[in-house]
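Each of the next two complexes has chain A plus one more chain, namely chain B in the first and chain C in the second.
== the complex of A and B ==
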């Protein structure tokens, strides 16, 4: 079989020519906000690194109370370059979540969620929640003192939700307290359930983007000008590759220079250590919960805080429907809220660290 | 001139790769010491375990950044070429239309 025949053989079965034609015809709008487009592919880059390093760690990790901490210690001490793999996995999780935040903020400010891209936004918000769930479930897996205490605090928060709170806490923990059942659940969620949902939603998200094309910022759309366009292949992909290379280099360097340590094995009977802090991406929520007083008009302060946070998440998810006139006064008000939310999250995170 | 550059890069690339492989395989010797059981209350710090691994990791980082900068240089050339072809097509299209 010649080279050309093999190409035709594959094309007849896989429709490769359709894909290559699509890539050649795909255009990327060129304007001063074009660099925001790179954040989307950066998320995919870090997600891929997460999957690869996650598989590597899976070969050695054992999700039992006796062996979880020891197996992570084994990865760090005995497996050749295991400490780097663990470090890359841990850092790329942070990098990925940072990129998801930046990506969503960029879309919020550019109002790219406007008609007909509401579903793209919704799938993106769900992907943000999945990314946070990845971080939360992964944090327990090393089974050290800090991860146990943070999980106890984290899984205790839903308890304050009226009606379903206690049930949600029990569902997360697999019982009243954080035990082997919790570890098994979190491990299952982290390596199986969440990846399946993440893959499906990423596929759906990418499909929506391809269906509607890349959006232009609302300020350009108002002017009714057709922005310059760049062919996706090869002009834009080459530019993206430069970003990927730089991000990859930074990730590997940070992973080598600042690898995460592993604390003492968790003891279910031991009291929680002082000064527990969650991962950086939960700090603003953590601080928000802390500043609420014990009682507000006879209601538990934590309950009020959680209800407010849930309402905020819901409003955030429904932004495309709420901000349906992005070019008008209402749209400007929504932009102002976006800036205030960013400032609030930064301020609360810094405050939490002080 | 370009061929000489490629040859020099290949020589450097292979040399560093060989050095890295040698260093990493050499660092396995020090692993026995690491298999000691962890004492209670001890916090395990992730880091290169011996001087060989440390050197090899830092050499790898240098090699990685060198490769990244070379690849970025090549990609920038590719971008210029792709943009030039795009401009040619654009102006050719305009000429045909007029």
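== the complex of A and C ==
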């Protein structure tokens, strides 16, 4: 009786039954592409790990020129288990972005962005950009030689955009050059601005998914037979938990075996170290910029490259509106573009490592 | 004794197993997190000071030094002998000050009083000031935890 009363008491005030009823009724289509559905929750798993380990690192990290590198060294060498917490944060970031890419490829190939899911796609594109911004801002925080150089290069890239570019660079750097102000800005973005928008957009993204239900891939849908379904709670969640456990195990293992290094403290006056490379998920962009010649038809090569990249990002964001065919159409051409983009990214990434 | 009926159903057993396993899993995660959040307090084994800075102290005066992250107090008594304290009130951790006119240590936070030997004599402090040991070795004044030679 007491238990029931507490349940009712809470429900009267919070309306929890609405959620539990929804979860009981939610179904997940069962077909041979069902494993793609796990990619979204895998992102959430790594995001949660980022939030928790991020809070923990915040207890010791000090975002100043004098102390940034030293405080990370302190986390690595003195704080109990600090090295593994930083290692998990660093690896989980990579795992999360890898899952974001896989999630994206699945949705692209399945054409899950088509009507009525255009807004789900758009919110996902913004979340992708936020994820990359998380990676870019977080990379500077240890304030070692590599992170300083990568940030100098990265924040200099917008400068080539005509008219507005220089202001973007100044906005990112907090002035003409990378200084303490840049570190403060990146720290603020990384721990405050980006998280707020990430939470907001994740909430929207998940809401859209619940509103429209799970998308079924085109090739299953055109068979015109209703696919089998699995109750979301608890059947599908239990399966997801198995996936989470496996991913968590892999994450902890690589974090223990391959902790990230911490380079020499950055010196604003020192020459750039050799062989600077951005994080792996920026390599294809890095290489793209590298292969453009200095001048193309009298225009700066970099300007051309960046404008092309911006156009590509815009087209990518507008994909649901460009490919607005009815859901039954296979969209072989769109798939072909997806495969070409994957090939291009892989090829450029490998090339940049050679 | 053999029971005719099982005390719980197969479902209850499996749910308990899963729930218990989840609880154990998250429990095992809490330990490293707590370990990270609460770093051990590292009190210095010893602090080595330059004796020449303390040699000339006038009687009934004190000099401060850093005992880790707390203030340490070297006190020279009227008779010329030295005493060393951790200069932190035993009530609620405020730093104490020495009042030479009254020959007392005073904590301003809650008006705690200690006599010149660090004994708590007035106000809320529950215990005497913590003492440290000092040794003079040539040029050096070495300060150690009490009993830690």
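The rule we apply is simple: the second predicted complex is superposed on the first by the 348 of 354 C-alpha atoms of A that agree within 3 Å, B and C clash if a C-alpha of one lies under 4 Å from a C-alpha of the other, contacts with A are read in each partner's own complex, and residues count from 1 in each chain.
Basically, a residue touches a chain if its C-beta (ideal position, glycine included) is under 8 Å from a C-beta of that chain, and two chains touch if they have at least 3 such contacts.
Given the structure is predicted, the values throughout are model-derived calculations rather than measurements.
Chemist: With both complexes overlaid on chain A, does A:59 touch chain B (first), chain C (second), both or neither?
Modeler: After superposition on chain A, A:59 lies in contact with chain C alone.
Chemist: Which partner does A:191 contact after superposing on A: first (chain B), second (chain C), both, neither?
Modeler: Neither partner.
Chemist: If we overlay the two complexes on their shared chain A, which of chain B and chain C does A:80 touch? Say first, second, both or neither.
Modeler: Touch status of A:80: both partners.
Chemist: May I ask you to name which of chain B and chain C touches more residues of chain A?
Modeler: B
Chemist: In the superposed arrangement, which partner chain does A:246 touch: chain B (first), chain C (second), both, or neither?
Modeler: first
Chemist: Would you sort A:235 into first (chain B), second (chain C), both or neither based on which partner it touches?
Modeler: Once the two structures are laid over each other on A, A:235 reaches chain B alone.
Chemist: In the overlaid three-chain picture, which partner chain does A:259 touch, first (chain B) or second (chain C), both, or neither?
Modeler: first
Chemist: Find the residues of chain A that appear in the contact set with chain B and again in the contact set with chain C.
Modeler: 78, 80-81, 84
Chemist: Provide the residue numbers of chain C that touch chain A in the complex, in ascending order.
Modeler: Per the touch definition, chain C meets chain A at residues 32-33, 35-37, 39-40.
Chemist: State the interface residues of chain A toward chain C in the complex, per the touch definition above.
Modeler: 52, 56, 59, 78-82, 84-85
Chemist: Report the residues of chain B in contact with chain A in the complex, numbered from low to high.
Modeler: Against chain A, the touching part of chain B is residues 24, 28, 31, 34-35, 38, 40-47, 49, 57-58, 61, 64-65, 68, 71-72, 75-76, 78-79, 82-83, 86.
Chemist: Please name which positions on chain A make contact with chain B in the complex.
Modeler: The contact residues of chain A facing chain B are 73, 76-78, 80-81, 83-84, 86-87, 230-231, 234-235, 238-239, 241-242, 245-246, 248-249, 252-253, 256, 259-264.
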